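Report on the following structure.
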Amino acid sequence: MASGKAITLAELVKRFGGDIAGDAAHGVESLAPLDAAGPAQLAFLANQKYLSQVETTRAGAVLISPADLEKVTARAGRNFIVTPNPYAYFARVAQVFIDLASPPAVPGVHPSAFVDPSAKVAASAVIGAHVSVEAGAVIGERVKLDAGVVVGRGARLGDDVHLYPNVTVYHGCRLGARVIVHAGAVIGADGFGFAPDFVGDGDARTGNWVKIPQVGAVDIADDVEIGANTTIDRGAMADTVIEEGVKIDNLVQIGHNCRIGAYTVIAGCAGIAGSTTIGRHCMIGGAVGIAGHVTLADYVIVTAQSGVSKSLVKPGMYTSAFPAVNHADWNKSAALVRNLDKLRDRIKALEAALGTREEE
Amino acid sequence: MASGKAITLAELVKRFGGDIAGDAAHGVESLAPLDAAGPAQLAFLANQKYLSQVETTRAGAVLISPADLEKVTARAGRNFIVTPNPYAYFARVAQVFIDLASPPAVPGVHPSAFVDPSAKVAASAVIGAHVSVEAGAVIGERVKLDAGVVVGRGARLGDDVHLYPNVTVYHGCRLGARVIVHAGAVIGADGFGFAPDFVGDGDARTGNWVKIPQVGAVDIADDVEIGANTTIDRGAMADTVIEEGVKIDNLVQIGHNCRIGAYTVIAGCAGIAGSTTIGRHCMIGGAVGIAGHVTLADYVIVTAQSGVSKSLVKPGMYTSAFPAVNHADWNKSAALVRNLDKLRDRIKALEAALGTREEE
Amino acid sequence: MASGKAITLAELVKRFGGDIAGDAAHGVESLAPLDAAGPAQLAFLANQKYLSQVETTRAGAVLISPADLEKVTARAGRNFIVTPNPYAYFARVAQVFIDLASPPAVPGVHPSAFVDPSAKVAASAVIGAHVSVEAGAVIGERVKLDAGVVVGRGARLGDDVHLYPNVTVYHGCRLGARVIVHAGAVIGADGFGFAPDFVGDGDARTGNWVKIPQVGAVDIADDVEIGANTTIDRGAMADTVIEEGVKIDNLVQIGHNCRIGAYTVIAGCAGIAGSTTIGRHCMIGGAVGIAGHVTLADYVIVTAQSGVSKSLVKPGMYTSAFPAVNHADWNKSAALVRNLDKLRDRIKALEAALGTREEE
């Protein structure tokens, strides 16, 4: 991550805020952990348990909170940037160093790309090899479309969008500014809707499913990030909506007409069935399944592998998954679970024998 | 969805059946819900709870069942198409309006596409940008291959197939007429089969897995729809088979040598291990897992997130998932589940003390 | 699978080892099951229950273990290749017949492919249609890149790697020799990491997530196979590591900074959260979920759909999934599980009434 180009603490503070304690002219050119950093590196303290390392680090500067700085005794000759959230500050600076170290993106359309003449592509956009931009699509400023990306008819991408290789955006979908979509993700495939048109029962049943045309789109707000091979279906009539700042991991399925509230995070392999609304600032764990047509309140947390079958109207943490244990022990418990009604009946019989309980 | 082109009720009935009550010459040009429709729009009644809206709707015509029409009192000046299944009829008409509103597909091969000289592509097919059609492949009439699609050596696509962007069909696989495959889906990747060839145990184990070549293919019948980023593996020796009218949602995995019976629907994120046979008209819920080498009867329903580890020989609904509850409450229950044998022993001890039970 | 080209048993033994009992000059040209094979076909016995078929098969030769050969009485006029592991031997021979039957790969770069001038591509590599190889990438001998593959900046592929269509390898990732990656898989997308930078609570919360740059890569050792649409994220600082001989099925998610030990197999739809270490020779069942920051010992087996939330330090089999049963029965059990504390309290009350138990 070394960029070979130094940035002074003064420049960082000008760009990202915070206060300097120490030498504002000191330059750093990369990031490192406290115990490995040298004079040209910036470290950060986000976790109390590394506080003692701040006393001994060789780092050129340390990102630190005001409260933690007060606990540091050996400040002489050390440099600090004081900020309430050193971890977020670290992340922002890391992006600067990556950008410095990366080859500059050259605006323009790769000769192998296909851009329909009716599409509008900003001159500052970078359109990679074998990209397809279909009729009427609109591509904003500084957008990066990596190799093999397909942007469908009439789709609109906001400024600074980055679509990684082989992403597909179906016709008519809209992505806000700074949206990042990782390779292979599919935005706007048809929702799963079919009208049964069968007569008869059993072996005599005839007929077929009739496809319900999916004429909504997907509407993704600013600052959303979507993981590799994730799928977000277009709406049936109205749109599927992903609000600003939502972060979605890999291999997540979001059904048609869902609405995902702002700043909610959804971990990998989760699946959300159609027409479900998830509130703002929720945290959906990995491989969680959420039924269709339910509503989750703001600030709901669902732990990994749990299943949500009805609305959760209060914030809080919800769970329905068991942790794995020794296979033989589990099988014993599982058999007892299947026969819990018999255990209950034996308790009832005992209560009857003792005369201790009348109501149920 | 407005097409700007009106179709008379007479034309609709000529095409899709049903009877007209009212003005057969009335024209409609789009669809809308009962409470929002105007004179140029067609609405439908599929759910009893909206019956009263039929009395007040401004819709140009209403799709309705014979039984429901009898309940409507204010028929004067209203138009109806009477059909036993208004919802399916609505879906068919919606497709007509979409087709009218969509730009016409222009047959031909995009200049950026690669079609091997030994492949046969119908003149009516639409081959998009950066498509690859490999040696010996056969592409039927009116097939649409969207940008980035890859059709492998010797694969065969029936008439009216539509493959959305970046779909991969491996060599030798066959798709029937009207099959729709959404973006990123992979048909015919190798099944997961390896022969262990190890000697020794523990840290001393040496050797490797030996790949079992997968020489079957995938055989998909007519009218199947497959969701985005779904994967269907080719067979090891014989083929993996998807029968007619099967509908598969996004991110579903179907292992090698499975057979999925006609008209079965499989919701998103489900996984079906190899050599399993699922009957006709089954409904497999989201994120369901089904073990390998088992058989499900016709008309089996498995609810979301359940796991099937052995054959289900009778039709009916099967479940093994818990709904999420408050995290702390769940943890209490989960601990008790792990220790159910202790509860059972305490019941036994009570029974022994009371002399109420002898057999177990 | 018939190649039309015969290979003598002597040639097979020269190539793959084993001993011949019978006519070393006998030629075979394809493989078949014992009960279907003819004189030009090779069969194998890997399962005791088919032993009697060895006495009656018409196969030109049979792969058999020394111990099983001793049980065969009708050896006269029959040919055998004797090997300790007939199934693995069969797999190796099958690959030979497939290679004979397949059109030879023609080295070179397809005219529609894009290869950056600074990339190094071995002359023996086969670069397919619409492939993109970006700046500084290194492609080894006999590598096959199928249509639509994208190899990012500075990525390195070892000899004999095969990437199926539409695979994406992000910048800087490394694949060892003979690695196979199936269509649509994504190697090296950003891990899921964001620093919260919010202030305030409830409706008054403001701020956003700050992306943690992911500057590690993915390092995949020799002989790994990765299934279709699987995703393996790049590391945040250090690399995500897949050791030699690991086999990963379709639609699997592996988070940033995981390490998967050599020869471990992971079945379809499994998800492994970030920074988790899995030992060597483990078997992870389909749809298993494993939490982040845990460690699994060597030789751990986790059965399908189970969830692992903490480290498993001993080898052995672990489980937490229930098999589906009749829906109504399940609901009864599920309700009792939710109220297990009440059953426990009733047992306590009975014990108190009887005076049979004091401690809890």
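Per-chain numbering from 1; labels A, B and C assigned in written order.
To be clear about the criterion, a contact is a pair of C-beta atoms (placed from the backbone, for glycine too) under 8 Å apart; a residue touches a chain by one contact, two chains touch by 3 or more.
Note that this is a predicted model, so its numbers are computed, not measured.
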Least step count from chain A to chain C, where 1 means the two chains touch: 1
Interface composition of copies chain B and chain C: same or different, split at half: different
Where chain A and chain B are represented by their mean Cα positions, the distance between them in whole Å: 26
Distance from the mean Cα position of chain C to that of chain B, given in whole angstrom: 26
Where chain C touches two or more other chains at once, by residue number: 112, 130, 148, 166, 184, 229, 251, 269, 287, 322-323, 325, 337, 340, 343, 347, 350, 354
Chain B residues touching chain C - in the complex, by the definition given at the top: 112, 114, 130, 132, 134-135, 148, 150, 152-153, 166, 168, 170, 184, 186, 189-190, 192, 194-198, 202-203, 205, 208-213, 215, 229, 231, 233, 251, 253, 255, 269, 271, 273, 287, 289, 291, 301-303, 306-310, 312, 316-320, 322-323, 325, 329, 332-333, 336-337, 340, 343, 346-347, 349-350, 353-354
Chain C residues within the chain B interface of the complex: 1, 85, 87-88, 90-92, 94-95, 98, 103, 110, 112, 128-130, 146-148, 164-166, 180, 182-184, 223, 225, 227-229, 245, 247, 249-251, 263, 265, 267-269, 281, 286-287, 298-299, 304-305, 321-327, 330-331, 334, 337-338, 340-341, 343-344, 347, 350-351, 354, 356-357
